[in-house]
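Listed after this line are the structures, all set down as C-alpha cells.
Both complexes below contain chain A, partnered by chain B and then by chain C.
Moving on, here comes the complex of A and B:
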C-alpha cells in the first residue's frame, strides 16, 4: 500500500512531465545547440560551426537594427500600456451603476486574437480608405500613411498591440486593487489624505507586486510580438517595425537560415531570462 | 494653472460642505466620460468590422472615408462574403479549429489535472525540484520563443502537416497545472480520507470525489485551453501549412496575402474567429478572469 502510494504521484505526473520536457525544455536547449550548427553549402549537411552563426548575426546590421527597433518599441509600449492599464483598472474598480457592463465590454479585446486585431486595424489604418483617415478627413486633417511611413508605422504597431494589451493588463491590476482592504483606504481618508496622497502612498505601494508582475509579463509579451508585424507592415518600411521575433522568423522560414535564426533566438532567451530573473529578484525583496 | 487647481479644490470643498452628492456626481461624471471614450475605442473597430463583413465588397469603405455613422451598421446588408467564404472551404478551417480546441481541452485537461493533483495532494521525493525546474521553466520560457527548434524536433518525428504535430506539443500547459494544483490543494482532507477508508483507488478519488466539486477550476481551465488553442497562430502556421489542416487564425492570415482585396471576406473570417471566444468569455467572465490572473498574483 505504502509502496504503491510512493509510485502514484509519479504516475500522475508522468504524461505532463514527458510532454513538457520534450516540447518545452528540449527545444529550449535545442535552440542553443542549433545555434552552433550551419548547413554546409557544399554537402547540404549540418556541420558544427562553433560561434560562426553568432559572428554572422553580430556583424549583421539588420540584426542590430532589429534589436534597436525592439528596444525602442519596448521602452515606449510597456510604460504606455501599464500606465493606461492602471488608469483603466482604477476606472472599472469604481462602484458605480452599470460598471459591470463596462467591465464586460473591456473584456472583448482580451478574447479576440492578435491576428483578428491586426487585420481589422490594418484596414482601419489604410492610407486611402481607412476609417481613421476618414475621421481625420472629417476633422480637416490630411491623410496619414499610418503603416507606410517610417515615422508612423511603429506607433501604429504600438496602438494595435495596446488595443489588446491595455484591457488585458488592467485585469491583473484590477485584481490587485480588489485585494486592498477597504478599511486601509478609509483610514487614510479619515487621517486627511486627499485622493492623490492615498493613491501614491497607499494604493501604489500595495500594488507593487502586481505591477512588477505585469511589467515583466508585458515586457516579455511585447518582446515576442509577431502576428501584427506579419499581418501589417512585415517589418517595413525600411525595417522600422522589424521586431526581433519577426526577424528570426524571416531568417528561419523565409530565407531558410535556421542557424542564424537559432543564434538570434538564443540571444533572445538570454534577454528573457534576464528580465525574468530581475522579476524574481524584485519580488523576493518584498516578502 | 495653479488658479485652476485652487478653484477646483475650492469648489470640491464647498461641495463637501453642502453634502456629498454634488462632488460625487462630478467625479462619477468624469469616470463615465473616460469609460465611454475607452468603450468607443474598443467597440468601433469591432462594429465596423462586423458591419463591413455584411457589406458588398465594393462598399466596404464607403462610409469609412469620409466617416459617417453608417459605417458601423450593415446598411447594405448582404451575406455574400460569408457565402463566398464557405464556398472557398472556410467551414473546413472552422471544423479543424473546433476539433483541435476540444481535443486539447479533453486530453490536455486530463494530463494537466493529473499533474495538478499530484502536486496539490501528494508529498513525494523530488516534488519541489520537479515543480521549480520543469513546471516553472516551461512557464517562464514563452512557447513562441522556442517554436523554431520545436519545429525541427517535430519534423524529425515526421509530424509536419499532421494532427499530432498540431495537437500534442500544446497539451501540457504549466499555467493550467498551476490552476489545478491551487484548487486541489484547498480541498478538505476529510473528503478524501473518507473515500480512501472505503478502499477507493486514487484515480477513483480524483474522478468521483474531487472532480464533481471542482467545477470552477474545470470551467476556468477549460476556457483557458479552448481559447488559447482557438487563438493560437504561430505554431499552426509553422507546423501545418497544408490546406486541409489549416485552422481559422492561419486561414484568415494567409487570406491577407492571397485575397488581400476581398475585404469583406477577410473581415467575415475575422469576425467568425472573434465571435467564438467572445461568446465563451462573456457568460463565464468571472472564471476566465480568475484563470488568466490567478497565477500572476500568487
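Moving on, here comes the complex of A and C:
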C-alpha cells in the first residue's frame, strides 16, 4: 500500500517523461553516435570513422560561413526583438482610449504562419513590384534588391522574423507587466521617481523572470530559424543567409550526407546547451 | 512638448506622440496582411501592374479556384486532425505532469522540473534527422499519428511549465479538504485541480493550436505524401506549381490564415489573462 502510494505520483509524470526521453535523450545519443559514422564509398556500408566527420566539417568553409552568419544574425536579431518587444508591450499596456484596437492589430502577426509571412514579404520586398520599393521610389530613393543582395538579404530575413517575433514575445512581456501591482509604481512616483527611474529600478527588475524566459525561448527560436530561409533566399545570395539549421537540413536531406549533418547537429547541440545553461543560470539566480 | 509616455502612468503630457507611434506600428503590423487580402482578389497581371492598389474588380473566383487547386478540402481536414489531436494529447500529458510536479510529493521534483525547462530549450528541431530515420523504421512517416506524437512531444514541456505555474497558485485548502474526505490523487486532479486550471488549459491549448496549424519543418519532412499534407505545406507545394499565379497564392494564403487569425483575435484577451495568471513562475 505504501509502495503503491509512492508510485502513483510518478505514474502521472510517466507519459511526459517518456516523451522527453524519446524526443530528447535518445535522439541526442543517436545524433552523437551517427556523427561518428560515414558511408563507405567502396562497400556502401556504414562504418565507424571516429572524428572524421568533424574533421570534414571543421575544414569546410561553408560550415564556418554558416556558423558565422548564424552568430551575426543571433547577435542582431535577439537584442533587437527583445528591446522592441519590451517597448511594444509597454506601449500597449497604457490606458489610452482605443488602445484595445491597437493591441489587437499588433498581435495579428502572431497568428500568421512563417510561410505565409515569407510569401507576403517576398512580394512586399520584390525589387520591381514590391510595396517597399514602391514607397522608396516615390521618396526618390533607388529600388533595392532586398532579397538578392549580399548586403541586404540577412537584414530582410531579420525583418521578416521580427514581424512575428516582436509581437509574439511582447505577449509574454505584456503578461509580466500586468502582474506588476499598480500601487508599486504609484508609490515610486509619490517618492519622486521620474519615469526613467521607475522603469529601470522597478519595472525591469520585476520583469526579470519573464525577460529571462523570453531570452531563452527567443534565442533558441532564432537559432533554429528555417522556414523563411527555405521560402525566400534558400541560403543565398552567396551563402549570406545560410543559417546553420538550413545548412544542416540541406546536408542531410538534400545531399544525403548524414554523417556531416549529424556532426553539425552535435556542434549545434553543444552550443544550445551552453546558451540555455547560461540563460537558465540567470533564471535561477533570483530565487 | 508632449513626450513619449510609456514609462509612467501620468496624464499630464499630451498623448498625441503616443498615437502617432501607435498608428505607424499598426501600419507595419497590418499592411502585409491587408496587402495579402487585397492581392488575393486580383489577377496576377493586376498584382504586377498595381500591387498595392485596391482591387479593380474583386476577383472572388480566386478563392474557389485556390480552394480546388490547392486541394483544401483535404488539407484543411488534415490540419484539423493534426491540430485537434495535438492539443488533446499535449494538454493531457502536460496536465498530468504539471499536477505531479506541482502538487504531489515527488522525490527529485526540482530536478525533474529543471529537465522540463531543458526540454523547452532544446527542441526536437535539432533532432529532425535521427527522428526521421527512427520514424521510417517504425513505419510512422506519412501517418498523422506519427506527426501528432512528435508535435505532442514538442509542445508538452512548455505546456507543462505553464500549467505547473497555474496549479501552484491554487490554494492548498481546496486539496486538503478533498483529501480529508478521502479523495484519491486521481480524484483530486480530475475534480479539483483540472477544473480550476481551466484558463491555463485554454492559453496552453491556444499556443499549441497556433503552433500546430502553422508548423512547417516537421510537416514537410514527415508527411511528403500529398493525401496527408496539412495546409501549411500544401500551400508551399501549391506555390511551386502555380508560382506565376500570385492571385491564387494569395487567396490560398488567406484561406490558411483566416481560421487561426479569427480564433486568436476572439480569444486574445483570455489568452493574455491566462499568461498573466500563470505568471511563468520558475
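We take it that the second predicted complex is superposed on the first by the 262 of 287 C-alpha atoms of A that agree within 3 Å, B and C clash if a C-alpha of one lies under 4 Å from a C-alpha of the other, contacts with A are read in each partner's own complex, and residues count from 1 in each chain.
Keep this in mind: a residue touches a chain if its C-beta (ideal position, glycine included) is under 8 Å from a C-beta of that chain, and two chains touch if they have at least 3 such contacts.
These numbers come from a predicted model, not from an experiment.
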Overlay on chain A: chain C relative to chain B, clash or fit: clash
Which of chain B and chain C A:196 touches, first, second, both or neither: second
Partner chain(s) touched by A:138 [first = chain B, second = chain C, both, neither]: first
Partner chain in contact with A:259 - chain B first, chain C second, else both or neither: neither
A:235 touches, of chain B and chain C: first, second, both or neither? neither
Contacts of A:185 with chain B and chain C, given as first, second, both or neither: second
Overlap of the chain B and chain C footprints on chain A, listed as residue numbers: 8-10, 12-13, 15-17, 19-20, 22-24, 26-28, 30-31, 34, 87-88, 91, 94, 96, 102-117, 119-121, 123-124, 126, 129-131, 134, 163, 167, 171-172, 175-176, 179, 209-210, 213, 217, 220, 224, 226-227, 231, 245, 248-249, 252-253, 258, 261-262, 265, 268-269, 272-273, 276
Chain A residues touching chain B - in the complex, by the definition given at the top: 5-6, 8-10, 12-13, 15-17, 19-28, 30-31, 34, 87-88, 91-92, 94, 96, 102-117, 119-124, 126, 128-131, 133-135, 137-138, 163, 167-168, 171-172, 175-176, 179, 209-210, 213-214, 217, 220-221, 224, 226-227, 230-231, 245, 248-249, 252-253, 258, 261-262, 265, 268-269, 272-273, 276
Touching residues (chain side chain A, partner chain C) in the complex: 8-10, 12-13, 15-17, 19-20, 22-24, 26-28, 30-31, 34, 87-88, 90-91, 93-96, 99, 102-117, 119-121, 123-124, 126, 129-131, 134, 163, 167, 171-172, 174-176, 178-179, 182, 185-186, 189, 194-196, 198-199, 203, 209-210, 213, 216-217, 220, 224, 226-227, 231, 245, 248-249, 252-253, 258, 261-262, 265, 268-269, 272-273, 276, 279-280, 283-284, 287
Chain A partner contacts - residues on chain C that touch it in the complex: 5-10, 15, 18-19, 21-22, 25-26, 28-33, 35-36, 39, 47-48, 51-52, 92-94, 96-97, 99-101, 104-106, 112, 114-131, 134, 149-150, 152-154, 156-157, 160, 185-186, 189, 210, 213-214, 216-217, 221, 232, 235-236, 239, 246, 249-250, 253, 256-257, 260-261, 263-265, 268, 271-272, 275-276, 278-282
In the complex, chain B residues that touch chain A: 28, 31-32, 34-35, 38-39, 41-46, 48-49, 52, 60-61, 64-67, 71, 111-112, 114-115, 117-119, 122, 124, 127, 130, 134-135, 137-138, 140-150, 152-153, 168-172, 174, 177, 202, 227, 230-231, 233-234, 238, 249, 252-253, 256, 263, 266-267, 270-271, 273-274, 277-278, 280-282, 285, 288-289, 292-293, 296-297
